[in-house]
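To keep things clear, I will list the structure first and then write my remarks on it.
When the chains are written out, they are named A, B, C, D, E, F, G and H in that same order, and each has its own residue count from 1.
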Amino acid sequence: MTAELMKGNVALAEAAIRAGVEAYFGYPITPQTELLEHMAKRMPELGRAFIQAESELAAINMVYGAACTGARTMTSSSSPGFSLMQEGLSYIACSQVPCVVVDVMRGGPGLGNIQPSQADYFQVTRSAGHGDYHPIVLAPASVQEAVDLIGEAFDLADEYRHVVLIVLDGLLGQMMEPAELPEMKPLRMERADWALTGAAGREKRIITSLELDAPALEAVNDNLQAKLAVIREKEQRWTELMIEDARLVVVGYGMAGRIAETAVKQARREGMKVGLLRPISLWPFPEEHLSMIADHSDAFLVVEMNAGQMVEDVRLAAGGQVPVKFYGRTGGVVPVPEEIYHEIAELYNKLNGG
Amino acid sequence: MTAELMKGNVALAEAAIRAGVEAYFGYPITPQTELLEHMAKRMPELGRAFIQAESELAAINMVYGAACTGARTMTSSSSPGFSLMQEGLSYIACSQVPCVVVDVMRGGPGLGNIQPSQADYFQVTRSAGHGDYHPIVLAPASVQEAVDLIGEAFDLADEYRHVVLIVLDGLLGQMMEPAELPEMKPLRMERADWALTGAAGREKRIITSLELDAPALEAVNDNLQAKLAVIREKEQRWTELMIEDARLVVVGYGMAGRIAETAVKQARREGMKVGLLRPISLWPFPEEHLSMIADHSDAFLVVEMNAGQMVEDVRLAAGGQVPVKFYGRTGGVVPVPEEIYHEIAELYNKLNGG
Amino acid sequence: MQEEIVFAGFGGQGVLFGGQLLAYTALAEGKYVTWIPSYGPEMRGGTANCTVIVSDEAIGSPVTKYPSVGIVFNNPSLDKYEELIKPGGLLIVNQSMVVRNPVRTDIEALVFPATALATELGDTKMTNSVLFGALLARRPIVSLEMAQQVLIEKLGQRKAHLHAINIAALERGYEIGMSVQA
Amino acid sequence: MQEEIVFAGFGGQGVLFGGQLLAYTALAEGKYVTWIPSYGPEMRGGTANCTVIVSDEAIGSPVTKYPSVGIVFNNPSLDKYEELIKPGGLLIVNQSMVVRNPVRTDIEALVFPATALATELGDTKMTNSVLFGALLARRPIVSLEMAQQVLIEKLGQRKAHLHAINIAALERGYEIGMSVQA
Amino acid sequence: MEAVIEEKIVYQRPEALSDIHTHYCPGCTHGVAHRLVAEVLDELGVRERAILVAPVGCSVFAYKYFNIDAAEAAHGRAPAMATGIKRVMPNHVVFTYQGDGDLAAIGMGEIMHTAIRGENITTIFINNAIYGMTGGQMAPTSLAGQRTKSSPGGRDVELTGFPVKMSEIIAGIQGASYVGRYSLHNVKEINRAKKAIRTAFKVQLEGLGFSMVELLSSCPTNWGMTPAQALEWVENMMVPYYPLGDFKVLPEVEQLMKR
Amino acid sequence: MEAVIEEKIVYQRPEALSDIHTHYCPGCTHGVAHRLVAEVLDELGVRERAILVAPVGCSVFAYKYFNIDAAEAAHGRAPAMATGIKRVMPNHVVFTYQGDGDLAAIGMGEIMHTAIRGENITTIFINNAIYGMTGGQMAPTSLAGQRTKSSPGGRDVELTGFPVKMSEIIAGIQGASYVGRYSLHNVKEINRAKKAIRTAFKVQLEGLGFSMVELLSSCPTNWGMTPAQALEWVENMMVPYYPLGDFKVLPEVEQLMKR
Amino acid sequence: MAVKGRIEIKEAKCKGCTLCVMACPQNVIEMVTEYVNAKGYYPAHLVDPDGKCTGCALCAVACPDVCITVYRQVPVKAAAV
Amino acid sequence: MAVKGRIEIKEAKCKGCTLCVMACPQNVIEMVTEYVNAKGYYPAHLVDPDGKCTGCALCAVACPDVCITVYRQVPVKAAAV
């Protein structure tokens, strides 16, 4: 297999197809649209379901429907469109049907612009909809990682019967980079034992998020929380660089993390003991690992393309052990390695009493 | 003025009217509907604007429109309906037009049920929509406090040109309790200098959340963040009880806080040094005050009607100084003082090495 | 003084209004009071109940697990609330709609056919007034006079024709409450 | 070796495709490469640019403030990028669409009328091929041969009639790049 | 030879309806609508491949009452959900059951576009001129002057517009193959309604596209009437404004109706 | 006495249009539509009390181009936003300007209900059979067989349904007082379109309820044509499917048109 | 001879809505007034001393709660002895 | 005598779409081919050596970018001297 040069959006779409997605429903929005367009071409070719829905609201509810039949199902959007999916996501999470959603974030709030952003971190990790739940959130930093993670996303969704989000900023969605695509998986034929397939020769099945009785709904929640606790324990993902002896650890996810990598390497070249932690799963957040790192380092610098969101998770994980500094750019401005290096150098200097 | 016995929902509606709300747009949803119904009756009587919108989506965008003219405007809903307002709220926040939104939370996720809940804490405080912003969030614990806060909410909204949320659980919305209503304020006649009133004898005005240029949108965000910083500094609200010598501090907001009060008093009667902190502003969260209390106490017990959300803010504020324990009920189950007392006693015992 | 009174029965039996009467009367007498309904989607024949707390002090929790008084309008409510009443508390039972007597001995129980009496007095729907009257006899949380006044006020002019019989129902319940050896 | 090349001009000038040609060629030669466009709402005549990074090692940041090479298709892009090129870097200017010469002396500048040449060779739209050819002459990031191969492949069968003139454009640019004393 | 008399069951619960108590108010014709749909599913022999998408509204528990696979949609989104199901299960019989708040207010976009796509599903639309579940607020279908909890002075058409006629609107969309409005206010009308429901499902079975049956239904509770009065109100107030009959019958469907 | 010749300006930019460069592609008739609306506002003398609600779509920056107060709505929600404005500013002239993705896809619910309420606003609806701003995906109004970025093999009506005719649908709603579809493909049609726009605004000024003008418009960029070819495509492909003319003229409006 | 019929009403499910009473052309369904069922409703019951019920099933068609099963007597060939 | 007219095209705003050229009944508008304007477009301009322009304003009506101002010569009464 050889690497192909592909946009992140297109690579995600093709990798999802190869992972066996049976149905895609979406609505155009920049900077995500190439994903939908690729699906528009490929899914009908393959005899699979594709609809350009009338809205994101309709799209997520079509996903809800198709997912109820046990088919691998996905949608994709960008920030304002993702906001419109909140109610539907909450229903899906409560009903415990699996699905994959890609959010290619853009500058906000409001209509904002179409430039790269990570400003929906809270929205995706804390409350993709009302009620108590967290989706699984995976944040790739390269086209290859996007390809790999979306395959994993479908598996995680099935395993936990849960919503899995792939979040990227517009930069990764639009960027071309070589990546190897996996082989085409044959479509899964059998349907899960909870799926709606018609009550033929068996008891009928129901998929619902309604439970009028409070204790019964509490039981539903307990069940959901228990599942989340397992996910929290088993599915924390991250990658790291030159952490062992690092006095200053830069923490960033997605493209911000990748850009920071260049700055970190630069700092190392200048003799500073700096490392990088790049969380891959934003929920569950790699909290234990971070807390462990906090034990051995002197400071954290969190870099995000927003006004400071993941920094709260880092602070929670660090638990007051080390100072946590934040550097962010908003409105679609992409930080360049040079400015991150500058922050690193300044902070490192202070650690040295400078 | 004498107190009247009123449901929380009705009291909120009437108090909003007296605070000079000029336009209300909403959609029925239990346990909020009495608020809409009161508006349906009163607003046309007073010659003010009332529409039962076709959906929450339409309602929040009608609010957006009316608010652009500088009129005091509000809507109300409950969890699933509030999820549908996410996009609109993000637009409003970015455009910096003032409005007031009441969210009478119910059990979730999904359709859930209509019982009392606080499970949307993350949604309201962290990300009422995509992008970097926090609305001002006020949480009353009695009908009287609801009445007082909604008046304040309109003032805050105008002062900061920001979204102000009043969040309550279904219990307070449905509960009757005596409350004194304020006098009817005359409607404000003049319009703010940013409001859309027609370009007569002046330059035209624009209200938008779009800024295609990244640095320009970053400037918009800087401006918004600067405003939020001021709010964060000036608008933290809470109430407390027997904090001075408390070794164990119970933290709860809204009805959970009020129910905890009974348990705290019971514990005091039993000789335990227990106090209560009830945050009134959930955003900005009374972080400094909490952090100060953490200095003088041995443990926190956070009580919520959810699976543990505000507890993160308490942990952030406590900064690892004291252990923070959590007790919550979900699915619309309302904790009774007896069970909270039980938690207090157990935890207090442990503090004493028990 | 603080009393937590649960009114419980079917929807349509006037359970919620019964509790509101108590709440309004308490307010009229200058007491602290909260009233909380169970609320559900509009369904006839479902259960309905409310909790009223009346106190001389500001009320913390408006919910309680163990109320001091239970007024049960039907059998499912008897089954549900009998065991929850605080020891030494009071249980008033609408005998017309139950198939058994209460069994606890550590609480005071008042069992009489309120619905039958209401029907007798002219309107089955006055079951709540009868039971409310009985409550005031056993627990003078508010005065009978004030309750009468509030009842008339809340029925309003549109239901003026019901004033007299409702007052009668209240008084009938009160009498029974006073006369019965609990 | 790592080069960061910015292609910048108007939408419609083939700016993004020019960058992609470089990226595809680099991939074909087994190099690490990233290509990032500026993207905007569909608007003709707006600015368009892309950044290509080619490296022997895995690429961290695909963005940079100070590129090592700038290829500017028009005057606004000259104004914007001249000052950002790294000292010692290269600036290639499409003279046909600019009203001034570059002023910096700490970078290498190659100024020639690429659009005029492209028009001469048969299609104004080949401006990008001409400039790309010139780039390869000054910075042998990838080989001219591979670039030719990729160009033909990317134009595809449907545009077979354009193969020859595009190759000619590429070579013309290359010649100029080789000949001019920068 | 003398004839022997035997007792035969001429009416009993359809198999597609579960034998459990419903939460509907006494006399609410949601129950009748349920039964008709269940009878049709049984008669067409499709119970085992039928999938219901229930709405948010009084009929939210339809998923409990039908003895078939079922999903519960978000308020108004049942047609989108049904679309998702149908596209991956094209041989199943997929239908939505929706109230007027659900379909004609919040779900307007979804029902319109499902019809526009000519989605091969069936929609049973219960028009009771009110929001039942939330306790009696105005629906888009509430009649002019009708008093509801959110139009306490009677629906003011100046401020809220005229009640919306969904069947007429949907019939105007090319993708809709069969659209009819019927009523449940007496036995004769109930029987006509059943025939329409049967046609609607047959349309789906033949793959002819979108079909919808609007059923005028009662809400005694929120109208503040006895069940009998409520049916009179349907007949005397609703039917004159909401004419009964077929509003769209594609030629292919006409063929089908003859069979 | 000999006649003196003087030069008069017979055509110049209307006051209600700002003198700035637009971002529209060459030959895009969004620009024509803007100008017509601006001329009507000027001619009716209402520029100073006009409020525009701009959509999300290529015309998102309409708020920059009109020299009047303006707000920028969320995608599809312009009619709701306009409703909010109009209800508190009943004497202002409030209008939305929306593309076909905005109005006929995501905004279907809002436009329908605004018409149903008979909201006293005006909607200018630009039907260019495509999503312009996002780079050329299929719109609900894309023609059968039309190739777009999301229907690369041509719009398949089996899977996506037939293109939706909004004017016909809205005309069927009681609350709509004036609905017309016109085209911008040549000067004659442009002049007819302007007349319709004038009628629509007059309807609002008289408080007669909801008015909408659909304008067939070109998108040379995403159709992959020259501006001139694009206008031909409007004439030869769109007009046959989307007939021009008035679809709803209430009697009161007819009076108005005579004046 | 008139067709003979008979109905069974499941009292426990009946909500006392009276719609069957209104639908019955023979007027042989009445509401119970002496007691309520477990759900608190006065149920309907068949009062047909003269055997007027024809088994027409109109009541069953009218009943929103599917409480009614309808039987009709039909002549069949006697089995061969 | 034919009506005399004249147009002014703001070159800087012109996007070279040619729609005015197509609209002009007198064929007196042409596209510049020698240079592009600051936005990169070949603008339209009036080429009317014979004074055929009537000031009909059809070009202005067709122009999506409001680049065209139209003048027409009209007879007026001379002012009293």
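Things worth noting here:
Heads up, the rule we're going with is that contacts are C-beta pairs under 8 Å (C-beta built on N, C-alpha and C of every residue); 3 or more make two chains touch, one makes a residue touch a chain.
A quick note: this is a predicted structure, and the numbers were derived from the prediction, not measured.
Minimum number of contact steps separating subunit B from subunit C: 1. A centroid comparison over C-alpha atoms places H as the chain most distant from subunit B.
Each chain gets one centre point, the mean of its Cα atoms, and the points for subunit A and subunit E are 40 Å apart.
With centres defined as mean CA coordinates, subunit H is found 88 Å away from subunit G. Separating the CA-averaged centres of subunit E and subunit H is a span of 62 Å.
Shared contact sites, meaning residues of subunit A that touch two or more other chains, fall at 30, 51, 54-55, 57, 80, 87, 91, 95, 110-111, 114, 208-210, 212, 334. Residues of subunit C in contact with at least two other chains: 40-41, 44-45. Counting only residues that touch two or more partner chains, subunit H has 15, 39, 41. Contacts from subunit F toward subunit A in the complex involve residues 56, 60, 72, 74-76, 101, 105-106, 108, 131, 133-135, 137-138, 140, 149-153, 156, 159-160.
Against subunit E, in their complex, subunit F makes its touches with residues 105-109, 112-113, 116-119, 140, 157, 159-162, 164, 168-169, 172-175. Residues 4-6, 12-13, 15-19, 22-23, 39, 41, 55, 57-58, 60-66, 68-79 of subunit H are the ones that touch subunit F when the two sit in their complex.
Residues of subunit B that touch subunit A in their complex: 57, 79-80, 82-84, 86-87, 90-95, 105, 107-115, 117, 119-120, 122-123, 126-127, 129-133, 208-222, 224-225, 306-309, 312, 315-316, 319-321, 329-334. Subunit A makes touch with subunit E in their complex at residues 22-23, 25, 49, 51, 53-55, 57-59, 61-69, 71, 73, 87-88, 91, 95, 196-201, 204-210.
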